[in-house]
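Pasting in a structure now, in C-alpha cells, and then I'll have a few things to ask.
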Amino acid sequence: MPTPCPTAILLVSCPDQRGIVAALAGFITAQHGNILALDQYVDAQDAVFFARMEWELEGFAFPLEEFPARFVAVADAFDITWTLHRSDKRRRMAIMVSKQAHCLYDILAHHESGEWPADIVQVISNHEDHRHLAERHGLPFAYIPVTPDTKATAEAQQIELLQKAGTDVVVLARYMQILSPAFVQAFPTKIINIHHSFLPAFAGGRPYHAAHERGVKIIGATAHYVTAELDEGPIIEQDVIRVSHRQGVDDLVRLGRDLEKVVLSRAIYWHLHHRLLVYKNRTVVFA
Amino acid sequence: MPTPCPTAILLVSCPDQRGIVAALAGFITAQHGNILALDQYVDAQDAVFFARMEWELEGFAFPLEEFPARFVAVADAFDITWTLHRSDKRRRMAIMVSKQAHCLYDILAHHESGEWPADIVQVISNHEDHRHLAERHGLPFAYIPVTPDTKATAEAQQIELLQKAGTDVVVLARYMQILSPAFVQAFPTKIINIHHSFLPAFAGGRPYHAAHERGVKIIGATAHYVTAELDEGPIIEQDVIRVSHRQGVDDLVRLGRDLEKVVLSRAIYWHLHHRLLVYKNRTVVFA
Amino acid sequence: MPTPCPTAILLVSCPDQRGIVAALAGFITAQHGNILALDQYVDAQDAVFFARMEWELEGFAFPLEEFPARFVAVADAFDITWTLHRSDKRRRMAIMVSKQAHCLYDILAHHESGEWPADIVQVISNHEDHRHLAERHGLPFAYIPVTPDTKATAEAQQIELLQKAGTDVVVLARYMQILSPAFVQAFPTKIINIHHSFLPAFAGGRPYHAAHERGVKIIGATAHYVTAELDEGPIIEQDVIRVSHRQGVDDLVRLGRDLEKVVLSRAIYWHLHHRLLVYKNRTVVFA
Amino acid sequence: MPTPCPTAILLVSCPDQRGIVAALAGFITAQHGNILALDQYVDAQDAVFFARMEWELEGFAFPLEEFPARFVAVADAFDITWTLHRSDKRRRMAIMVSKQAHCLYDILAHHESGEWPADIVQVISNHEDHRHLAERHGLPFAYIPVTPDTKATAEAQQIELLQKAGTDVVVLARYMQILSPAFVQAFPTKIINIHHSFLPAFAGGRPYHAAHERGVKIIGATAHYVTAELDEGPIIEQDVIRVSHRQGVDDLVRLGRDLEKVVLSRAIYWHLHHRLLVYKNRTVVFA
C-alpha cells in the first residue's frame, strides 16, 4: 500500500446562504488545490451550512501556514467558522481506563495495526490492574487512584500529565470515574467516552442492570464527546445487539463488551480523521 | 400447504424446582400427547420456571375440556400457574387507529394473507379518515371522537363495542389517545401498542422530535402490552434503523413508519400464537 | 405541511478532474440558483466523478427548458454526462405482480400516503388473484397470463400497455416471470425488482429453500435494477434479518416478506427522488 | 462473582418420537439431577430430535464416569446419539494465524478476561510477524512456513504439534492457508474458521474485492466449522454491517475486521460452552 499523498482538511460551518459551496470550491480550485472530497450538509431548520473539504497538498499554491491570512476574505464574507487539519500530522492520544480492559485491548490492536494516525502517549488508570498490559505494549502507564477525598488532586495530576504529554485526544475506555467540569473544560471536544447503553436510555450507572430490569429486546452502546453534564454530550456513534429474556445481566455485560469496543473504535477513527463537527450538542459525521 | 394438525399449547410458570420438566413432559406423554415443542426458561435470579409446551391433539387421551380437572394434581404439586390454548381457535382482534394509516394497512395485508389465526371484528378511530379503507376491506368501522370532555363517554362506548364484538385482543395501530386505567383493566394483557421510539428512550409524545434533538444515530420502535402507566408496559418486540445527521424530523417519521409496522406485526404474530408470557413487567418470548 | 418549493435536480458523472465541483457550483450560483444540496463522490480507482446537485427553481435565472443550451459549455469542458429532473413532476409507475401480494399491499399504502411523487398508472399480473385488491384502490388492472408458448405475445402486450400508459418506472413486486432482454431494453434502468435473498447469494429460484439448506444465520432481500442477466443488475438496496435453526422454510418465507416489502419501498423512494446513479453495474445512492 | 456450581451437559440427537423429552428429563430427575436448562428442537422436515440438557453435578446420583453404562437403556430405546461434557473441564485451544492480527488480538483479550473455559496451548503461524505478540502474552509460538512444495510436511508438523499439546479445538484466526482434507480429518468438528464474507456469497479468495465489484450494500463475516470443502462447512454464526458506494475495498477490509473478530469470538464462546450440534452440514445453536 503506497503512502497516500498528504491532504488538507477544512471543516466549516456558517449561516446557510447562496453561493457558499461555489465560494469554497472556487477558492481551493483557484489555488490549484485538487479537491478529493467535498461533503456538505445544510440544517434546514436552523439554516446552518456545514462542510468538510479535503484537497491534495501537492501542487497547492501556498503553504498551509498562510491559510488563515489567505482565506480570511472568504471567511469574513460568509461568516465562516473553520478549522484546518493536515492528514500527515499524527495525533497524541491518551487512554483512561479502570478495571475492565476490553476497550483498552481493542485500542491497542487498532493502534498497533497502524490504521490510526495517532500515537498513544499516556495510559492513566485509577487501578494498577492493567499496568502490565500497557507496559507490555511499551506504553507509559500512570496509576492515579481516585477517592471522593482525593478527586480534585487526582484530576490536577491527570491534567498535568496529559498536558505534559501534549495530549490532543483523551479516550475514556470504560473509565468509571465522573470527570469534573474543570477537567472537561481543559480538553473541549477532545474527550471521547463509551457509555454502555443506547443513550439516552439508561444513562448513569449500571445500565445493563437497568436494561435487564426494563426487559428491552435490544441493548446498545454509545460513543460521545464528554461535556460537563454526565452522559449528555454529543453522540458520535451508536450500535446495538438483539437480546432476549434468556440473557441475564451477566450475558448483557458480556455481549455488551463486544459492542462497546467496536463503537468506541469507530468514533476514534472518525475523530482522528477529522470527520466530526459538533453543533447544538449533536454531531455531524462526514463518514 | 396442508392444514397442520391442531395442537394444544400450555403456558406455564411456577417456582423453579427439581423435576418440573420431567413432570410436565411426563404428564403429556402419559396421556399419549405427541410433544412438538417444549421451550423452557428459568429466571435464575428469582428462581422462576417458565415453559411453553405444544402437543398434537390427535391421539391425546382426553378432550381439552377435561384438562383442568386432569392436570390439577401436577399443577398443585408444583404450584403452577397456567393457561391452555388451542391452535385451531381463531382470535377476535380489534384495531384502534387515528390519522396515520401505515400500521393499519400493514395489518390488513397480514390479515388478508391468512397468516394470522384471527378475525378483525372491529376498527375504531377517533377520526373519520380511514373509514373508507376499513370498509373497502369489509371491516366494521366505528368513528368515536374523543375530546378531553368526552373521553370517559367515548371510552365507555369503545369498551361496549369491543365487548359486544367478543374482542380478545386490541391492537393500537398508532392510536394517539391515552387509554384510561379503567379501559386498560377491561382488557388485561390484551392490548398491544406500538410506540414510535426505542423505549425507554423518548417515551411520551413527539419521540422523533426528541430523537432528532438529542442527535441519536439509531432510531427504534417498540411494541408493548399496555398497562396503566404510559409507555411503561412489558416490551414485546423492538427494532431499530440507522440514521444520520442528514435525516431531519420528517425523515425520521418516514423511516420510522416502516419500522413501526414491522415491529407491531411481529408482536401480533407472537401474541396470536401464544408465544408470550408476562412476568414482572417483562415478556418471555418463546419465538 | 407546506408544499416545499419546487427544485431542479442535476445528476452528473464525468472523468474526475480539478475544478469540477467549483465549476458546477459556480454555474448554478451565477444563475441565481440557491443550492440546497451538493453531494459528490469520486471513485478513486477509476477516477470518475459523480454528483447530485439540487437547487430551488424560484429565482433561478432561466426556465429549465433552456438548461441544455446554457449548460453545454460546462458539460463539454468537463466531458459531463448528465440528466436533469424537476421535483414537481410526478412519475408514472406501473406494478407487475404474481400471486404474492405483500409488496403490492405495501406499495399501495406508500402510494396512498402521498409520500411518493408518483401515480400508479397500471397494475399487471399473470394471475387474476389481485384484481379485486387493485380495483378496490381504483387502479387499472390487466390480467395477462404467461406460458412458455405465449411469453413473447404476452410481453408485447405488456410493453404496449405500459407504453400507452406513459410508464416511466416499472416495479416488479414479486413478479415471478423472467423478463426477456427485449422487455428490459424497452425500459432501461427503469425496472426495479425485489429478489428474496441477499444477492449474490441464492440468485435464481427458491432462495429461501436454498438458504435453509445452507444453514445461514441471516437472510436478506435485495432491490435492484433489472438487466438482461437474471438477478445480476445493479443493487439499489439490501437488508437482512437474523434467523436460527428453529426457522423452517415457511418461517423464512414469512419473515422474508416483511424484509422484501421494506427494501423494495426504500429503493422506489430513492429512484423517485432521483437519488440513484448507475455505474459499472453498481449504484451510487445519494441517500 | 462466585464460581458457579459445576454442571453436566448432554447433547443429544435421535429420530423424533413420542416420549423422548419425558424420557430424558425423567432419567436425570430420577437420578436427583437438578435440570438447569433443557433446550430441544425438532427438525420437522426430517423428523429428527435435538436437545441440550444441563444439570447440576452436586447431588447427582452417580459420578459421570458411570453415565454411559447407566444411560444405555434410554439411549438404546430411543436410538440416541449423544455426547457428555462437564462445565468445569477447561478446553485446550490452538490458534493458527497469518499476517492479519486483529482476530488474534481479540482472542487474547477474551482469553485473558477469563470468560472462556479454555487455555491457549499453542499459536502456529506461517509467518514470524506475530511471534512477539504471542510471546508477550506468554503463549508458545511456532513458526511453520508453508509453500506449495512443503505443504504436506508443514501440515504433518502442525498436526504433531497440535496433538502433542492435547489440542481439542483449533481456531483459524485469519489463517490464509487452505487445510488439506487429511488435516481436517485429524480434528473433526474441532476446527473453527472465520471467513471474511457473508457466505455463501463470496466464498474463496479476496471476498472484499468481489463484494465491492458486485456493489453490495451490506458486507458480512461467517464463522464455520471447517470441512474438506473450502468455505462449505456448517455455519456457526454470521453478522453484517451496512456499507455504501463511498466505501472502497480498503474501507471494506477495515470495517470487516471488526465484524470478523466479533463473529469469531461468538462462535468460539458457543463451541466452548457446548452449545453447538452439527446436522446435515448445518448447526443447531442452543444459544
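Chains here go by letter, A, B, C and D, matching the order in which they are written, and residues are numbered from 1 within each.
To be clear about the criterion, contacts are C-beta pairs under 8 Å (C-beta built on N, C-alpha and C of every residue); 3 or more make two chains touch, one makes a residue touch a chain.
Just so it is clear, the model here is predicted, and its values are computed rather than measured.
A centroid comparison over C-alpha atoms places D as the chain most distant from subunit C.
When the interfaces A-B and A-D are ranked by C-beta pairs in contact, the top one is A-B. Fitting subunit C to subunit D on C-alpha positions gives a rotation angle of 180 degrees, to the nearest 5. Because subunit B and subunit C share one sequence, their contact can be compared position by position; here over half of the interface residue numbers appear on both sides.
The geometric centre of subunit A is 41 Å away from that of subunit B, both derived from CA atoms.
Once the centre of each chain is set as its mean CA position, subunit A and subunit D turn out to be 35 Å apart.
Of all residues in subunit A, those touching 2 or more other chains are 246, 287, listed in ascending order.
Only residues 1, 101-102, 105-106, 108-109, 112-113, 115, 136-137, 246, 250, 254, 258, 262, 265-266, 287 of subunit C touch subunit B when the two sit together in their complex.
Subunit C meets subunit D in the complex at residues 41, 44-45, 198-202, 214-218, 220, 234-240, 244-246, 248, 281-285, 287. Residues 18-19, 21-22, 25-26, 28-30, 32, 34-40, 42, 242 of subunit C are the ones touching subunit A in the complex.
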